[in-house]
Amino acid sequence: MNFYEKFLHIDRRYIFIFVALRVIIPLVWPLGLAVTTSPPVENVYNAVEELAPGTPVLVSVDYDPSTQPELSPMTIAVLRHCFARDLPVIITVLHPGGPGLALEISDRISKEVGAVYGEDYVFLGYKVGSSAVILSIGQDFHVSFPADYFNTPIDEIPLMKKVKNYNDIGLVITMSGSTYPDAWVAFAHERYGQKLAAGVTAVMAADYYPYLQTGQLVGLIGGLKGAAEYEKLINRPDDGLKGMDAQTIVHLFVVLMILLGNIAFLFVQRAKKREAA
Amino acid sequence: MHISTDIWIWIAAILTLCIYSFLYKDNPFYKFAEHLLVGVSAGYFFVIYFWNLVVPNLLTPLKNGFGTLFSGGGFTGDLAALVPGILGLIILTRLIPKIAWMSRWAIGFYFGAFQGLTITGYMQAYILAQIYGTFMKGNNPVFSVALIGSFFSDPGWGKILLAVSGPLMILGVICTLTYFFFSKEHKGFVGGVAKIGIVFLMIGFGASFGYTVMARVSLLIGRLQFLLRDWLGVIS
Amino acid sequence: MKKLTGIFIALSLAAAATAAAPEEPSLPVAARDGPNDAGGAVEIFWLASPLEKEEGFKGYEVQRRAEGEEVFATIAEIPPGEVVHQDQEAEDGVPYEYRVRVLTSEGAPVVLGVSKATASGQWFNTARTNALVGVVFTSFVIIFFIFRARGGAELFVRKIAGLDAVDDAIGRATEMGKPILFVSGLADASEISTIAAMTILGKVARKTAEYETPLIVPCYDPIVMMVEKEIVRQAYTEMGKPDAFDEDSVFFVTQSQFGYVAAVDGIMLREKPATNFYMGAFFAESLILAETGAETGAIQIAGTDRVTQLPFFITACDYTLMGEELYAATAYLGRDPLFLGSLKGQDWAKAVIMLALVVGTIFLIISTDLGIWFAKLFETSAS
Amino acid sequence: MRRELPLAICFIMGIIMTVQFFIPHRHSQWLFDNMLKWLIIVLTFAMILGIGNLVKLHIQKVQHRRRDWLYSIVALFGISASLITGFGWGIEADSPFMVLFNYVQIPMQATMFSLLAFYIASAAFRTFRARTVEATLLLVAAVIVMLGRVPLEGIVGRWLPDLAEWILDYPNMAAKRGIMIGIGLGAISTALKIILGIERSWLGGGD
């Protein structure tokens, strides 16, 4: 077996090691590869920028741990942005697997920026029945969320005293690993004219571009790349940009392996032909 | 370095490593994790279904329904829950060999109901919506004479791509469908068209494969972040 | 063929004619029963008031009163820019009067107009007429050819490589003295692909019974397990080897997607099956299964109707049944005339769809409006 | 009773649920909403059989000291842990059941899922070879789309991501639509055969 043939039949465990290293190294020592921002993400950023300080933003954590690696970085970036702009944040959860994640993130980020619970942000928790919940917020938050996640009646929460329904909310951002944005578009935007943005996984992003064209979504954050762009916009590098480094490197590695594999394959084929001749 | 002191994080981390050990080869650690996962998850779904479905949709309505009935309130809609209740018990006849055949009644019910849902659901999502989508992109047709005309008045790469994309889409759908002709041998004209269908299929499969790589890497990033940050604390 | 197409097009035209066109309110306010709904809803439209352009305009107020009531109660406040509201709390059969008023920052609201409507549930969803036409037409063609096949018509079916390989794959396992692994997807018994997988399992089990090759069938769903157990038992009985049937060869694992995958991966590495079948509905796990199987050197035959997973099976397996080929397997392996007939019916339906695509293209070339009109015949309603 | 009755039930239910789709009326909607719940309840009963089967197999393994029987004890332990915590303390957010779910089941499931990152790389290397024209097309499309999704702006122009998007939007969608229409017809045909009792393998054998 010559070198090329050996390469073609390389033990796949070597590939595994390379993949693992190519993810671990950028996570530990970020490379800071350049990321250029794209209009859909810039539009979300601008929508937040345009709000007057004090205008509440609703962030809905509509995903579970399976899509968390992609969606948590963008949720964190958006929260940081809102807090930096003095926009109070109302957090809701429509996915049954989401409350734990939402709690952890809101806890961590509020501590980091010194946001006060009840004034700068509030966590309303999970309610079953996605479309019905979205609709009911249009009437009144009380319908679906009489109390917050910690069972404090929302009438006793300073922030919620100022908020009745969508009319009092500047922007809704849904972070979702499945079809929740469709429900938000259909019920919050179409029915109540609520300004809406979405954060989705990379695989889903293409499905939601049409909503951007029609203006049903003001902006869209797609996958780790989108999160990285948002981090760049708010100038606060974190998991998105780090993950993006890892993703880019693994991508290029896979492409390189395919190319090398084909070159080796070509040489082996040629050698075989020569032998046959 | 701030290694976690939470016992549950340690458990989660060790189990994560046990699963990863499978990449090297099958081994006792993997076997342990595998059997634990199968056991815990099998029980998990049963418990979840019980609390989230059986209790609110079977036990509670039955309790209310019979409550009203026995207190003289007559029959109420709650008693409709008897349907799945009885079907469920019929399914369990499988445990008694003598009358195991009765379970087929419940299976017939289950299969029949879903077939009805399938016929209409697939007609909408897989046939009508796809035909519609072949012609229309959002609210605009995929091609128009004007679009093609605009290429001839002002030729350019972007324009030609825009102009041919629509017709190419329709052609692609027709050729791919031809590949799925079963009652005609793929020879001659039909064979040629089916070949073009295969070209579309292969490009489509390649593109979908490439499109998914990124999402898969992010899963690995998530797990490694857990190990490196939440457990070992080597990254912030 | 011509006749069928004619009927199809005529029906589609009829469907288009009956579909309700979106109404433009001619009066300042118009209320109507919510179309194609379960009842309990009234839609109220109005023409934008000239006051909209003036300063101090705050929006509209929709009010309602039932027949016999004196006062109007406000049911919704509508922000500027919208001219439609759906009253979801109307009671069926009660005649209501709806009043829309313009709200301004100063002065009392100005009445825009009044309109009457009664909510009711409909017995036919006109927005689904096209689906009805489609279902009736497709069913008719398929049943027609099933009947023709019963009459003894000659039926041809083209080669499907993945299915031709089934015999060889089982033979190979027998020679090697190794088992065969059959995974019937990770969906419940309600999925058509799972049912197709069950039928293929029946055919495979007959072969393994004949050669007395061990068969391993781990199941994701308990109902699938129940049914498959019976199918395999039946296959062994029919081949005259009821004693060779091992009750424990068909077993339940877990309904957790990746728990199931962990277990099947373990089976592949420990039992080293010579042939792996993956038939049915698969999700993200497809590649984990197929790559693990490839590593053990098994022959792998996959079949799925999950379009997103096909690329992974195509690359990692030896043979892959794509989409409709999976359903065709039953007809192909069994050569039962009724099944072959239905296959022929599907082909005719396909031909009509292709014709519709060509017609639509021609229409689009003639006139964009005509093309859009034709495309809209196939538009589906979500509700 | 043994074969005809289940076939008849299947037929009737199939027709009812097909017709239901076209009726928006409240009664019809009620049936649809409840039917989905009922079917899952039936499934839950069947899970008793499934879990019973799983438990039986592992107990047998332990009893007969078959290969790897020690691990069967682990599986049995897992089932008991879920069932006992789930029925004993309920499934609220901080219950023992959810702790088990969050720190045992979720990490392992997520890890299994993440194996894909490795396998997608090894599968690409192993199988993406320009053996035939078809394989080459697949390979080229995959490489273009992969490169198009990496932020390489500045190194190569916008044309690469644009081309990748075009491939996804047109040739890829065309192929998908073709497959889906075929699937639609095949599924309707299979469902029809089941309703009509032509496809009856689900009945199993015997009388």
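The first chain written gets the first letter, and so on, giving A, B, C and D; residue counts start at 1 in each chain.
Here is the rule we go by: contacts are C-beta pairs under 8 Å (C-beta built on N, C-alpha and C of every residue); 3 or more make two chains touch, one makes a residue touch a chain.
Predicted model, so just to flag it, every value in this text is computed and none were measured.
Q: Most C-beta contact pairs, which chains?
A: By number of C-beta pairs in contact, the leading chain pair is B-D.
Q: Indicate, using Cα centroids, the chain positioned nearest the centre of all protein chains shown.
A: B
Q: Measuring between Cα centroids, which chain is at the maximum distance from chain B?
A: A
Q: Between chain A and chain D, what is the separation of their C-alpha centroids in Å?
A: Chain centroid spacing, chain A to chain D, equals 24 Å.
Q: Where the centres are mean C-alpha positions, what is the separation of chain A from chain B, in Å?
A: Roughly 21 Å, centre to centre.
Q: Take the average of all CA coordinates in chain B, do the same for chain C, and state the distance between these two points in whole angstrom.
A: Centre-to-centre distance between chain B and chain C: 12 Å.
Q: Between chain A and chain C, what is the separation of their C-alpha centroids in Å?
A: That gives a centre separation of 29 Å.
Q: What residues in chain B touch two or more of the other chains?
A: If we look for residues of chain B contacting two or more partner chains, we find 19, 22-23, 31, 33-34, 37-38, 40-42, 44-45, 91, 94, 107, 110-111, 114, 117-120, 122-123, 125, 127, 131, 134, 170, 173-174, 177, 180, 201, 204-206, 208-209, 211-214, 217, 219-220, 222-223.
Q: Would you give the residues of chain C that are in contact with at least 2 other chains, written as numbers and ranges?
A: 128, 131, 135, 138-139, 189-190, 192, 195, 223, 226-227, 252-256, 258-259, 262, 270, 310-312, 314-315, 322-324, 328, 343, 346, 350, 353 - these are the residues of chain C that touch more than one other chain.
Q: Mind pulling the residue numbers of chain D that touch at least two other chains?
A: Residues 18, 21-22, 39, 42-43, 46-51, 54, 68, 102, 105-106, 108-110, 112-113, 115-118, 120, 122, 124, 126, 128, 138-139, 142-143, 146, 149, 168-169, 176, 179-183, 185, 187-188, 191-192, 194, 202-204, 206 of chain D each touch two or more of the other chains.
Q: With touch defined as at the start, can you tell me which chain D residues reach chain A in the complex?
A: Contacts found on chain D: 93, 102, 106, 109-110, 113, 117-118, 120-122, 124-126, 128-131, 139, 142-143, 146-147, 149-151, 153-154, 165, 168-169.
Q: Using the touch definition from the top, list the residues of chain D that touch chain C in their complex.
A: Going by the criterion above, the answer is residues 18, 21-29, 39, 42-43, 46-51, 53-54, 57, 60, 68, 105, 108-110, 112-113, 115-116, 119-120, 122-124, 126-128, 138, 176, 179-183, 185-194, 196, 198-199, 201-206.
Q: How about chain C: which of its residues touch chain A in the complex?
A: 79, 81-82, 86, 295, 382
Q: Can you tell me which positions in chain C touch chain D when the two form their complex?
A: It is residues 36-40, 92, 121-125, 128, 131-132, 135, 138-139, 142-143, 146, 188-190, 192, 195-196, 198-199, 202, 219, 221-223, 225-227, 229-231, 233-235, 237-238, 248, 251-259, 261-262, 270, 284-285, 287-288, 290-292, 294, 305, 307, 310-312, 314-316, 322-324, 326-328, 330, 338-339, 342-343, 345-346, 349-350, 353, 383 of chain C that touch chain D.
Q: Under the stated contact criterion, what part of chain D meets chain B in this complex?
A: For chain D paired with chain B, touching residues are 2-3, 5-22, 34-35, 37-52, 54, 68, 71-72, 74-83, 86-87, 90-91, 97, 99-118, 120, 124, 134-135, 137-146, 148-149, 164, 166-185, 187-188, 191-192, 194-195, 202-204, 206-207.
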